[in-house]
Amino acid sequence: MEIYWLLGIPLTGGTFLALWGCRRHAPEINALFSLATLLAAAFLTNRIIVDGPMMVGNGWFFIDSFNVFLVALTAFVAFTTALFSRPYMRIEAEHGKLNDKRLRLYHSSYQIFIAAMLLALTTNNMGILWVAMEAATLATVLLVSLYRTPASLEAAWKYFILCGVGIALALFGTILLYFAAEKLLGSGGTALLWTHLNGVKAQLEPTVLSLAFVFLLVGYGTKVGLAPLHSWLPDAHAEGPTPVSAVLSGLLLNVALYAVMRSKVLVDGALGNDMAGNLMMGFGLLSVVLAAFLIKRQTDVKRMFAYSSIEHMGLITFAFGMGGAVANFAALLHMTMHSLTKSAIFFAVGHATQKAGTQLMANIRGLIKTNPTIGWGLMLGTVAILGVPPFGVFASEFLIITTAMHEHPWATPFLLLALGVAFASIFGKVQPMVFGETELPKLPYQPALAPVFLHLGLVLMLGLFIPPYLAAWYKQAAHLLGG
Amino acid sequence: MATLSLFPSDPVQWAWGIVLFWLALGFASLLLQGSQRLLTRLLFPLGALGALAIAGVGAVGLSAPASSIVLPIGLPDLPFHLRLDALSAFFMVLLGGVAFGITVYASGYFRSMAAGPLALLSLWYHLFLAGMVTVLLADDAYAFMVAWEVMALSSYFLVTTDHKVPEIRSAGFLYLLIAHVGAVSLLLTFGVLQGGHGDYTFDTMRLAEMTPFWASAAFLLALFGFGAKAGLVPMHVWLPEAHPAAPSPVSALMSGVMLKTAIYGLLRVTFDLLNIQIGWWGTLALALGLITALYGVIFAAVQSDMKRLLAWSSIENIGVIIAAFGLTLIFYTDGKGALAALTLTALLYHALNHAFFKGLLFVGTGSVLHATGVRHMGHLGGLMRFMPWTAWLTLIGALALAGLPPLNGFVSEWLLLQAFLFTPGLTQPYLNMVIPVAAAAVALAAALAAYVMVKFYGVVFLGQPRDPVLHHAHEAGWAERLGMLWLAAGCVLLGLFPAQVIEWLTPVVRLLTNQTLLNDGSWLMLAPVSAERASYAPLIFFAVVAVVLGLTVLWVRRVYHGRVRRSDPWDCGYPEQDARMQDSAEGFGQPIRQIFEVFMKIERETPDPFSRTPRYRGASLDKLWFILYAPIARVADWLSQQAGRLQHGRIQWYLIYSFVTLIFLLIFTTR
Amino acid sequence: MSTGILLQLAQTLLAILLAPLLMGWVNQCRAWLQGRSAPPITQPYRTLRKLFHKDAVIAHHASPLFRFAPYMIFACMALAAGIVPTLANDLPFSPAADVIALVGIFALARVFLALAAMDIGTSFGTLGARREMLVSFLAEPALLMVFFTASLISQSTELPVIVETLAHREFALYPSLAFAAVAFWMISVAENARIPVDNPTTHLELTMIHEAMILEYSARHLALIEWAVALKLFTYSALGIALFLPWGIAEQGELGMLPLALVAMVAKLLAGGAVLAFLETISAKVRLFRAPEFLGTAFLLAVLGMLIHFMLEV
Amino acid sequence: MSVTYHLQIVNFLAALLLLISFAMLSQRRIAGLITLFAWQGAALATSAALVGWSTGQHHLYYSAALTLVLKVIAMPWFFFRLVRKLDMDRDVEPMINIPTTMLIGIVLVIFAFNLAQPISELSGTVMRSTLGIALACVLLAFLMMITRSKAIPQVIGFLAIENSLFFAATSATYGMPLVVELGVALDVLVGVLVMGIFFFQIRETFDSLDLKHMEKLKER
């Protein structure tokens, strides 16, 4: 039952906000809908905790420990982002960057976007999964170009074309999957249901599946932002409004990776070798290294953190590629940590850039003086994302690296190199932003930084203590992914 | 393995309790942001008490059997394991003893600081202490790494306390960067150590069977990781930047204590976690250590910033310790247990001593900094007259660092040299060739240390003030004096009662080498192995010198007179003598600079003969930076440039990337 | 034991009293060799007496350290003289400090002298201190290496033990000891501020090292320092004798040997002093920056001595 | 028995699709491109209907109808209107010259056939080779997107990919489940709308639909 609430609330929210437009309290309503979604997600999660994985709507929806925590995470971050965007977008409007039409567009498609992601996560049908992913893309394209600046248009266009093509390839993969499945499950609705496929994955035709996986990987991998398919990501994440960047980096990438993993499970079952794993490790490693070196030359703060998203997605993909209970566990943990931390960073960065009136790091200085909370938020967030304990990101990196060391030692030099370069680059650029002197005036209004510290607090907590049931989920999920 | 109970029963629980206490203090200081008085007069003294307690716990733990607890925090399958054995206990004594003095000092030192920043500083300060103790307690890789990085991070924030200064910012950055890289390599070490079964507790690592190859890999990674923290050449570049940048008590903690945690880690991994040791590790460590020692002391001799000078001398001492570590390994792998015990004793002893005198010297410079606001030795001088307490107490530290009897610095050097004298027993002949040279290098380093200390002390405290402002220099407050007094007392006592200290060290030595170093002498005489062979009785030494001194004074006074006339110093027929004619710091270092010019990149600005206000600037920079680090940076830049080209901006190119990737994968998978 | 104490005191006092005599003897020899009319051999005593009677003149801003240093230096040298076996071999003090500690004592005295020199803050004092430390940082490890060679042969760093073994071994030629002896000579020349490294009689600021440090001292302080210098020379000579021609030093408890030992010692000292004076006369003072090379050579020889011991003698 | 010559027709249509893809690859004028696109859609619809009829998969009729409405009527009309509005129906030189493109295209086709070979072996459906052809069309359309430097041709290339996918779905697997079909169709529709909005936005910002203006975001 909760599942329908979960999907229904944001959908109605989208339509309602589209109609309501930008009358008063539109942002509040947005936040309210997100809150409701969060509650629904909470109930759903609770249900899952109580009575395990379940199938809803005669098999159209399937919720297990793998996607339920992603659902909870998505709903949570969506809510906090809505909270953050309330003052943020108002200021943007006051600065004259936005007009009412666009605010309406923003609010409604924000909800639609959330709905699409939740659908992608909860559906049991690989086809619908594809549809939802495409919908999520379409919902965000116009958000990226919300400012109508040439740069934002260009970014949105690249985002649209590249992800469109990518996702089209994913569709081809899905077709191949169906093609292989229908011989076993017969044509018609059930042949694309993941649960059914999972049941018969051993008999699926290997050649077709390997081909299908290539298409699925390239397709969804484009949305994950795996190098060399990542080219759209920095543009899209940097040029859109900050709340959008936050959800794109924090959530959409996860969802795409989720799709990849769902297919990996099937392919592994069918092939029986670790071809899929190796491919993912390759992509992951390439992304980590390439992103690290690209970070080094960034001047735009949001762009830099977009690249850092690529890096972390690469790390996660690498971990999933290694497979095994520990690595999968670590990857899932890292997904969570990255979402929380990266969105927190984007919140802080958003306020910082808004105050400085630019995204160029060279012009942002001495935050700690102008607004200590933003400064410390950014500093701690950065430290956290760079994998410094006691923040949770380290917990997962710890597991990933140590596992890599004794399973694939050849990969560790690259990881060491990339982590070092990324650390040097990001920290070296953030430190002068936070510390030092500045002539900028103090912030006129009180920024909404509760989300930042909420997220960072969670990350810190998870670094030191992971609640048993959460750990249990991760373990189940890791097991389900072939741990 | 007891679980954490509310009332601590065994040492490890006490230790953990104190860690929590420190954390509480740290966060309390955030609440006390308003009141500077409470912060300095309440929080820091409490923190100092905690340190004292830690020292006590360590002292108990030295003799007590190893105790351990498991905390309900950490990773799901890997809760924090804490364990307190003799090794950790020893380093806890070191930490607590030194940190007590430094924190007492700090409670006075920071009274001039504004409340807001001070609260933050106090938070990081106590986090730093807690982190270091947890490093010593950790009994699984995760807890260790968390504590390790908490230590690094908090010390980074301490270093950048005065972040308005760009140099300090860059120093902090360099520090945290190298610390992080080192930490990652430690991660890899543990990845190797856990040897397959994904269990990261030290207990399982102790049992893991290693092939020589993987063991060596682990050792090298550990040497790199811990060396980066300890300031082992060539990973030392951050140290002379970061230590001076921090507020003096923090510098004292970092140099005196934090570096030792790296030594602790090295010992822990090499002798405890790894269950095979290989000879060439020792040779490598010995070589690196000696290079570090000489490199450090040479650069210390040419510094003109007093804190930087001390930082370089820390590098030297770390080098000596690492060399001792290498020698221990050599003996140990050669089956010479007793000698390994001797060398290890020297190592631990020197670590302890260095902690005390380096802490003392750093806080001493702190008082100077407070009194004068000057760090550059070229503007100091003659302070002995304005701040006698600081001067005399610092003198003790300086003499100890110079390795002069009867103070503590000498004892450890004496032990180390003794160890070198035993090398003929070694089986590998090639070592017999190497060791004498090594001994010579240690002796050379010690002698140069004396040079450095004369320079440091003479230029800062003796002579005439090189700057008129110094005449207003004021003596340190009572809290500072108390702290310095404590540390100085440590230097003296450790020097006078080596026999006792060695007795205390016995459990540690036995733990690591399964051997005990028997002291053949009585309680007042130190005679390792056999009194026939070598002995040193600082008390007698001290007594004799004192008696002779006293007698001489009495005799001179009695037989002759004590008349004294005051006058100007002899001006050699040149009336315009002034303070600027004394040797500057650069001048004092000049001979060393001339001799060891090879290692330095020297930047000089000499004034032209006719300038009205002649200014001389000379800096001897670390050449390693230019031949090692700069190229790395360049390569990274170049690579990132190449990577940047991929991000071409043209959508067709991006499409081509996807296209080619697709085709490639299709070919790759279907063949 | 009590006899030991007595012996110890006797020897120490003897050393303290005889030291200026040795100095005087060396000066006399030099004078002869240079064809000057020699001062009486007791000249050093007269100088000391004169100095003790004078009023001390001290710079206005001299710190207590300045006045404390001479006593410290004197005490150190006295202790050093006490633990080097000159007459007898069983000395209660000697376990208190072995050869390494002996080097430590010298270093302690030197550091105090240098600090005292820097205390007044004249250009000379600092200059002298710097040069002194420059000389010492090479001489000290070299001296240590010399001792190491000896103690590697005798398996001990205890002077009495060393002397005993060296004295009572069946006569065998130790090439390592030869190297060590040469090194030791060079070192003691440098340490005692003699030509070619330093010139005890000059006051020319371009060349002086030791004198530059004690320029500010006068009267009793100067006297103590001069005496300490004499003691140092004495101690070094005694050391050289003990290490390289140790025959004739009284054994444990052989009180009967003492007179003979005394004679032997005096003879050796006279000879040694003469040799020193001779070598000083025939060699010329080197430039200051040659000094490190000179000492570097000494250091090298000492290390070579050790290496040779390792290669040939074990 | 009737199946066989349905089969022949569908195979013929497949060949036609391939041909059209090549034609698109070589087409310089945008208007021509749009026409070709419409033809492609038509061929697609017929093949879908045929397959539906011959195999009794009736939901394929919906798909066929959808295709007819969307891809043969709505979109081409929309594009023509656009082109007229922004009047830009003139020759556009592709990035790589036509003959080279053709050669690459042929290589791609061979590659695709080889790739599809083992799969079509297992295909239980009537049309074996269609999958290979579909794949070939996908790659060709992709190639076309790469070679075009204007917005509209690129989009048409994108839609051509969509078409070939649809063809694969219908011919090789008798169509996806209906829900999926509908979802896909919906997405395509929305996508096209979004594109339309885009065209106008781009036009009003850069007053041209040339992608050359959109190469600012890069690493400098």
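As written, the chains take the letters A, B, C and D, and residue 1 is the first residue of each chain.
Basically, a contact is a pair of C-beta atoms (placed from the backbone, for glycine too) under 8 Å apart; a residue touches a chain by one contact, two chains touch by 3 or more.
Keep in mind that this is a model prediction, so the values were computed, not measured.
Engineer: Which chain pair shares more contacting C-beta pairs: B-D, or A-B?
Structural biologist: Most C-beta pairs in contact, of the two: A-B.
Engineer: Which chain, with its centre taken as the mean C-alpha position, is closest to the global C-alpha centre?
Structural biologist: B
Engineer: Which chain maximises the distance between its CA centroid and that of chain C?
Structural biologist: D
Engineer: Quick one: chain B and chain D, Cα centre-to-centre, how many Å?
Structural biologist: 70
Engineer: How big is the gap, in whole Å, between where the Cα atoms of chain A centre and where those of chain B centre?
Structural biologist: Here chain A and chain B have centroids separated by 43 Å.
Engineer: Can you give the whole-Å distance between the Cα centres of chain C and chain D?
Structural biologist: The mean C-alpha positions of chain C and chain D differ by 101 Å.
Engineer: For chain A and chain C, let me know how many angstrom lie between their CA-based centres, rounded off.
Structural biologist: Computed value for the inter-centroid distance: 78 Å.
Engineer: Mind pulling the chain B residues that touch 2 or more other chains?
Structural biologist: Residues 643-644, 646-647, 651, 655, 662, 666, 670.
Engineer: Which chain A residues reach two or more other chains?
Structural biologist: In chain A, 157-158, 161, 165, 169, 207, 211, 234, 294, 297 touch at least two other chains.
Engineer: Touching two or more other chains, which residues of chain D qualify?
Structural biologist: 115, 118, 142, 145, 154, 211, 214-217, 219
Engineer: Mind giving me all the chain pairs that touch?
Structural biologist: Result for touching pairs of chains: A-B, A-D, B-C, B-D.
Engineer: Considering only the defined contacts, which chain D positions touch chain B in the complex?
Structural biologist: 95, 111, 115, 118, 142-143, 145-147, 149, 154, 211, 214-220
Engineer: Which of the residues in chain A end up touching chain B in this complex?
Structural biologist: 157-158, 161-162, 165-166, 169, 207, 210-211, 213-215, 217-218, 222, 228-229, 231-232, 234, 275, 279, 290, 293-294, 296-297, 325-326, 368, 383, 386, 388-390, 394-395, 397-399, 401-406, 412, 415-416, 419-421, 423-424, 427-428, 431-432, 435-437, 463-466, 468, 471, 474-475
Engineer: Taking the complex as given, what residues does chain B use to touch chain A?
Structural biologist: 72-76, 141-142, 145-146, 148-150, 152-153, 160, 163-164, 166, 169, 172-173, 176-177, 180-181, 184-185, 187-188, 190-192, 194-196, 198, 200, 636-637, 639-644, 646-647, 651, 653-655, 657-658, 661-662, 665-666, 669-670
Engineer: List the residues on chain C that touch chain B in their complex, please.
Structural biologist: Touching chain B: residues 52-53, 55-61, 63, 65, 71-72, 74-76, 78-79, 82, 93, 95-98, 100-101, 104-105, 107-108, 110-111, 114-115, 118-127, 129-131, 133-134, 136-138, 140-141, 144-145, 148, 151-152, 155-158, 161, 205, 215-216, 220, 224, 289, 292, 299, 302-303, 306-307, 310-311, 314 of chain C.
Engineer: How about chain D: which of its residues touch chain A in the complex?
Structural biologist: Against chain A, the touching part of chain D is residues 57, 115, 118-119, 122-124, 131, 135, 138, 142, 145, 151, 154-155, 158, 161-162, 165, 168-169, 172-180, 183-184, 186-187, 190-191, 194-195, 197-198, 201-202, 205-206, 211, 213-217, 219.
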